[in-house]
C-alpha cells in the first residue's frame, strides 16, 4: 500500500487547529471557573503568552536522559492520540492517520504519554514527583476503567472497532447517537471522563495545595512549553474520541467546536461544584459509581 | 479399670471369633489326605515305627531344622544380650545353702539323667520321645549340676562345640540327602534296615540324635548363661 | 470307661483353667513365684491332657520343656532381680 | 541351576560353623559370614539370570524324599528368585555396612544375622504353611536379636514390644494353620488353594487368622506402633534389612496366602493397605526424627503394595510388574536411606544437611526419594502409571484418589527433607563413613538406576511405551551428571550447543503450533543460558537439573501418547524443582512448588488413566473421541492439572516464591519457559477435547472466569510487592491469566492471542527477570525501595526494563500492543461479558506495577551505598539486548511468527482469522498496521526529541540534590526516594481484594493435616501393652468388617 | 472330648491374653504368654484327636497294615512339638530382654519403657 504523502500536511493542519482551539478552550474554562468562584480569572490569551515565553526560554539544567524524554513522551502521546483518530467524520482531509489502527490503538496510546510523563518526573529525583505519579497512576487506572468499559460496550454495540464505522452508525439524527442508544455506557464514560481530565474533584494528583511543587514544576522553560502544548492537545484529543463514540462525531468544524466545548464544560461544571477527593476516595468513587455502570452497559448490550 | 474393661471387651470379641470357629468345627471321621499318606507309607518309606518322629525328621524335616535353629538363635541372642553391658564387677552372688541330698545325689543322678536323655533320643523312631525330649532331659541333668554347685562354670567352649558340630553335621546330612537320595533331609541315605530295630529307619536315629545333642546343648548353654547373670538391685 | 475318661478330662480342664487364672490374677507378696509355678502347673496338667488325647510325644515334650525348663528359666531370671517380686504391686498401683 | 535349598544350607551351615571358632577369631568369622551371604546372593542371582535370560520355568525343590502335599517343598520362580536376591543382597551389603558392630559383638551376632537372612529367604521360598510359620518365627526372633546391634539403649525395649506383639500373632497364626489344615487335609499352600479353603466349614475364619497374622507383620494401621519403634531404634544397617528385605518377604507371604484365600479376600487386603498407606504417610508429616520418618514411610509403602496385591483381580498378570516395581523401588530406596542415616550424626531431619559435604550422597538421597515418590525414570513411576491406568479402566476411582493423595503426602515430607539437606546449615559433626558403607549405598544407587532401565525396557516390551532412559534428551541431561566435574562455562557451552543442535535436527517435525513452543523451549532456553556464563566455578548440580527440565519440556511437545506426555511432565517438574531449590532462600518455596506440581501431575495422571479406559497405549489425539459422561471429568482433571502449572488463581501460591527466590538465570527459565508447559498442556487439551459440559456447566466458561480472575488478582497483587522479582512473579500469574482466558474463549482469535502471549511473555518476562536479577546481583537486595536512581549506573538494564514494561503494558508501538489488539478482537465476538469485564479491570493495573518497577529501581534518588556499582555483568546484558531486538522486530513484523499459526488455527477454528494485507492486519472488527504505527510514533517522537535536544544543547546535568524541597535541599537520598508502599492509596481502596485467601486456604489444609497427624500419632504411646491392645482391636475390627462385607 | 479340649485351649489363650493385657509387669506378661502358648498347643492337639484311636506309633498293637484305621492324625502332634520348642525359645528370649530392661531402669513396669513413641 503506497503511502499517501498528502496525509502529512493535512494532519499538521488538524494539529494546528486543535492546538489553538485547545489553548482557547483551556483559558475559557479556567475563566468560567474563576467567575463561578467570584474571581476575575486570567485573560483569554494568557496561555499563549505563557507558551511563547516558555518556548523562548533556554534551560541550562537537566536531570538526565529520562528527564528529557518525559515531555517528549508526553507530547508524542497527545499528538499521536489526536492523529490516530479521525477528527471530522467523512472528511478525507481530517481523517488524519487513522489508517494505522483502530479504536484499540487510540485507547492504549493514551497511556503512552502518561508513562513518559511519569518516567520523566521520576528522573527528576524529586519525591513529590514520585508521590504525584503514584497517586496519578492509581487514580487514572480506575478512572480509565469506566471509559474502557464504555468504549468496549460501544464496540460491542456496533460490532466494530473502527472509529469511522462507529461514527457512521450514529448518523441520521441525534437520536442515533450512542448517548441515546446506549445511555449507560455514555454515563459510565462521562463519569470516567471527569477523572482523566485532572480537574476537581479529581485533581489531587497535581493539586497545588497538596504538593507545592509537583511534577510540572520541576519542568520549566522548553520542557514546560512542551507540556503546556500537550495540555492543549490532550484534552481535545480525548474529547474527540468521546465525541466520536458517544455524540455522533462531527462532520464539520463548527459542530466539532461546539461538541468539544460542551463536553469540556461538563468536567468544568462538576469541578466547580464538588470538593476534592483524596486518591483512595476517588478510586472508591469510580469503582462504586462509574465501573458498575460500565459493567452494566457491557452486559446489557 | 478402664484398661481391664477394654481388655475384656476386646477378648470377648476375640472369643466370639473362637466360638464361631468351634461352631463350624466338625471332627474328622477318617484320616485326611495327608494323614492317610503318612499312616500308610511311613513304615515303608522311612522304616520308622513312630510316625510322629518320621514326619518330624524327614517329611517335615525342614521345620525341625528351623525349630532347632530357633533354639540356636535364642541361645545365641541370650549369650549376646548378656555379653553386652558391664562385665567388670562380677560380684559374688550370695550362696544359697545347698542341701546335703542334692550335693550327694547329683554325682549319681546327673549321669543317669543324661543317659536317660540319650536313650530317649536314640529310640525316638521307635517309641514316644526323641531329640527334643531327650535334649530337654539332658539339659535338666545339667540343671541339676548347676543347682547343686551354683558357682560351677560350665565349659562354654565344650557346649558350643557340641552345639555347633551337631548343627553343622545335621545340615550336612541334609545336604547328603540331596546328593545321595535326591532331596534335602532324605533319610534314605542310609539303609532303612529292619522295621523296629534300633539301627533302622535310615538316617532318622542319627539325625534325631544330633537334634537331641544340639537341643541339649542349646538348653544347657541358655541355662549356663542365665546362671552367670549378675544380680540386680 | 469313656464316660469316666470324659469326666476326668473335664476335671482336668477345670484344673488347668483354675491354675491359669491363678497364674495371671494372683496378687500379694510372693505373687510372682506363685504365678510362675501356676503357669508351670498349667503345662504339666496340659501334658496329662495330651496323654489323654493320644499324644505321648507331645506330652513328654510339654512336661519336660513347658513344665520343667521354662519354669526354671523364669526362676533363674527372677532370682537375679531382687525387686522383681515387689514389682507387680507397684506396677499395678494406679 | 543350584538347588534353592542351598541358600538355606549356606546360611545355616555357616551359622553353625561360626560356633566352632574361638571368639578371638572374629575376622575369620566375619569373612565366613560374608562368604555365606555371597553364596546365597550368587545362587539367587543365578536363578534370576536363568528366569530372565533363559526363560526357565519355575522349579519345585523337595525335601524329605516325598512330593509336596506330604512334605515341605520350595518353589523357585521369577518372583522368588528376585526376592531372595533382594533379601540376600541386602543382607550381604548390610553385613558389609555393619562390619564394625558385627566384629565388636562377635560370632553370635553374625550367626543371628545369617539366620535372619536365611529366614527371610525361607519365607519367600517355602510352599508349606507351617514351614512358613517356622520361618516367620525365625525372622521374628532374629529381628529381636538384631535389635541388639544398635547403640541406642531404647532398642531393647523396641525388641521386647515386638516380641509381645509377635507372641499374639503366632497364636493367631497357629490357630489359622491348624483349622486350615483340618478343613483341607493339607498344609501345602497350593494344596489349600486347590481345596478352596474358604468354602470349607470354618475355612473362612481359619483363613482370617492366617491372613491377619501375616498381614500384621506388615505393620498395618493401627497395629504398627512396634514397627516404628524398631525402625527408630535399630541399627541403620539392620533397619535396611528390616525395611527392604523383611517387608518384601512378608509381602510375598501375603501374596501366597491370597492364593489360598482367593478373590474374596482381595478387598480386605486393599482396604488394610490403603488405610495403612494413608495413615502412615499422614503421621509422618509432623515427624522430626529421621529414622522414625523412614519407618513411617516404609510402613506406608508396604501398605501401598498390599493394596496393589489386593487389586490383583483386575491387575491380573500385571501385578508382578506393578507390585514388583513398587516393591523393588521401595526396598532399594529404603535400604539406601537407612544406610545413609547411619552416616549422619544427628537424628533430626535438618542434621542431614551434613550430606552436602559429599555430593554423591546427596545424589543417592535424591535418587532414593525419587524412587519412593514414583518419579521417572524409576520403576515406581512405571508401576504408578500402569496401576492407575488399570484401576481407572475398571472404575476404581476412589482407590486411585486415595493412593495419589497418599503419594502426594509422602512426596511432601520427602521433598521437605531434601530441602533441609540442600538448604540447612551444615552441622558440626560431618558425615563419617567407611568405604564399605559407601559401597553399600553405591550398590543401592546403581541398582536403582539399573532397575529404572529394566522397567523401562519391560514397559517398552509389554505396553509399547518408550524407555525413558533411552530418550535422547534424558540421556543428554543425565550425561551432565558425569560431566559435573567440568567448569561451568564448558558445561554451559555443551548445553547451549545441545539445545540448538536438537532444534536443528528436529525442527521439521513440528507443526506451526508446536514450532512456537519448540523455539521457545530450545532456542529460548539457549538464549537464557547465555546468562549462565556469568557463573564461575563448577556449579555442581545446576546443569543436570536444567537439562532434565529441558528434556522434559522437549519430550512434552514431542509426545504422541499420554504416557510419553505424562513422563515428560514429571521430568520437567523434577528438573525445575531442583533448579528452583538452588535459590538462596527458596527452601519453602521449592517445596510448595513440588507439592503443587505433583498434585497437578497426579490429576493429569488420573485424567489420562480415566481417558484410556484401560488401554495400555492411548494416543493424545484420541482424547477427541471421548464421549459423555466420561469426557467432562477427564477434561476437568487435566485442566486443573495444567492450570496448576500455569498458576491459575487459587493454585498460584507456589509461584511467587518459587520464581522470585530462584537464581538470577533460573528465574527467567522457570518463568519465561516453564510456565509455557502448562499452556501447552491446555492447548493440547482444548484442541482435542474442545468444549465440555459438566452438569450443564460449560467448563471452558469456568476456565474463562479463572483466567480473568488470575489476570485481575495477579496484577493486583503485583502492585503491592516491594521485591522486584516477586513483583515480576505475580505479574506472571496475571499474564498467564490472560493466556488462559484467550484459550478458553475457544475461538480463532482467542487462541492467536494466547499464542501471542506465549511468545511475548517469554521475551519480556525473561528480559525483565534478567534485568531485575542483574540489578539485584549488583545491589545485593531485591527490595526495590532500597534502590533508586540506578539509570545512570546501569543504563542498559534500564533500557531493557523500559522496553520490557512498554511491551508488557501493551502500549503501542511495541509487541504487547499486538497482543492486546488481538485480545479485544477476540472477545468482541464472544458472548461472555462478565469475565470479559473482569479482565478489563486487570488492564490498567498492570500499568501500575510496571511503572513502579522501573521507577523505584532506576529513577528517583541514588543511594550512597550504590554510587560505585557497575552495570550488570555482560552475560546478563547480552540476552537482554537480544530480547530488546526481538521485541522490536516482533513488534514491527508479528506476522513472521503469527501468520503461519493463524493459518494453522484454521484447521481447529475455521474462519474468524486475521487478514494479512501488506503490513496491515485486520479482523472482522478492526485493523492495525504495526509498521505504520511504529513509523508515526517514531517520527513524532524523534522530531520532538531532536528539537528538545537542540534547544537544550547547553544544558548541564544538575547534582542529585539540586531540587527544591520545601525550601530546603535534602542531603540524604533515603528521605527523598519515594518508593516504599508506593501505591498506598490503592491499598487503602482495594487492599481487601488481595487478602491472601488462597494462601490461607492452603495453609489451613496443611495445618489441619499436620494437626490431625500430630494428634492421632499419639496413639502410639510407646507402651508395649497398648500396642497389644491395638493389635487385638485391629483383629476384631478387621473381623467385623470382613463379616460385614 | 475334642470340644472340651478345644474350649479349654481357647479359654487358656484368652486368659493368657487377658493376663498380658492387664499386667504391667514384664515377667507376668511373659508368664501370661506361656499360658496362651499352652492353650494353642491344646487346641492343636484337640483338632488332631480322633475318638477311639491310638497314638501314631506302630508297635505290637498297631501294625503298619491297619495303621490307617487305628491311629490318629500325627500331623498336629508334629506341629505342636515344633510350636512348643519355638515357644520356649521366645519365652527365654523375652526373659533375657526383661532382665536387661530391668538392669537399665530398675523396674519391670512396661509403661516405663515408652521413650520411643509417636
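A few comments on the model shown:
A, B, C, D and E are the chain letters, set down in written order, and residue numbers restart from 1 in every chain.
FYI, a contact is a pair of C-beta atoms (placed from the backbone, for glycine too) under 8 Å apart; a residue touches a chain by one contact, two chains touch by 3 or more.
Since we're looking at a predicted model, the values are computed, not measured.
Listed here as common contacts of subunit D and subunit E: B. Taking subunit C out of the picture, touching still joins the other chains into one piece. Innermost chain of the displayed assembly, by C-alpha centre distance to the whole-protein C-alpha centre, is D. Averaged Cα coordinates give subunit C a centre that lies 11 Å from the centre of subunit E.
Centre-to-centre spacing of subunit A and subunit E amounts to 99 Å, using the average Cα coordinate of each chain. Separating the centre of subunit B from that of subunit C, both taken as means of CA atoms, is a distance of 20 Å. Work out the mean CA point of subunit A and of subunit D, and you get 53 Å between them. Those residues of subunit A in touch with two or more other chains do not exist in this structure.
Contact of a single residue of subunit E with at least two other chains is seen at positions 7, 13, 17-18, 21-22, 24, 37, 39, 47, 55, 57, 75, 77, 81-82, 84-86, 88-90, 92-93, 95-100, 102, 106, 110-111. Across the assembly, subunit C contributes 56-57, 61, 65, 69, 73, 77, 80-81, 83 as residues in contact with two or more other chains.
A complete list of chain pairs in contact reads A-D, B-C, B-D, B-E, C-E, D-E. Chain contact summary for the complex, subunit E toward subunit C: residues 1, 4-5, 7-8, 11-12, 15-16, 18-19, 22-25, 27-28, 30-32, 34-35, 37-39, 41-42, 45-46, 48-49, 53-55, 57, 72, 77, 80-81, 84-85, 87-88, 91-92, 95-96, 98-99, 102, 106-111. For subunit B in complex with subunit E, the residues that touch the partner chain are 3-4, 7-8, 10-11, 14-15, 18, 22, 25, 27-28, 30-32, 34-36, 38-40, 42-44, 49-52, 55-56, 60, 63-64, 66-67, 70-71, 73-75, 77-78, 81-82, 84-85, 127-128, 132, 195, 215, 222, 226, 229, 232-233. Across the interface of their complex, subunit D is touched by residues 13, 17, 20-21, 24, 26, 29, 33, 36-37, 39-40, 43-44, 47, 75-76, 79, 82-83, 86, 89-90, 93-94, 97-98, 100-101, 104, 110-111, 113-118 of subunit E. Looking at the complex, you find that subunit D touches subunit B at residues 3, 5-6, 8-9, 12-13, 15-20, 22, 61-66, 69-72, 105-106, 108-109, 111-112, 115, 118-119, 122, 126, 128, 130-131, 134-135, 137-138, 141-142, 144-145, 148, 175, 179, 181-182, 184-187, 201-202, 205-206, 208, 1029, 1032-1033, 1035-1036, 1039-1040. Of all residues in subunit B, only 6-7, 10-11, 13-14, 17-18, 20-21, 24-26, 28, 32-35, 37-38, 45, 58-63, 65-67, 69-70, 72-74, 76-77, 79-81, 83-84, 157, 160-161, 163-165, 167-168, 170-172, 174-175, 177-178, 181-188 touch subunit D in the complex they form.
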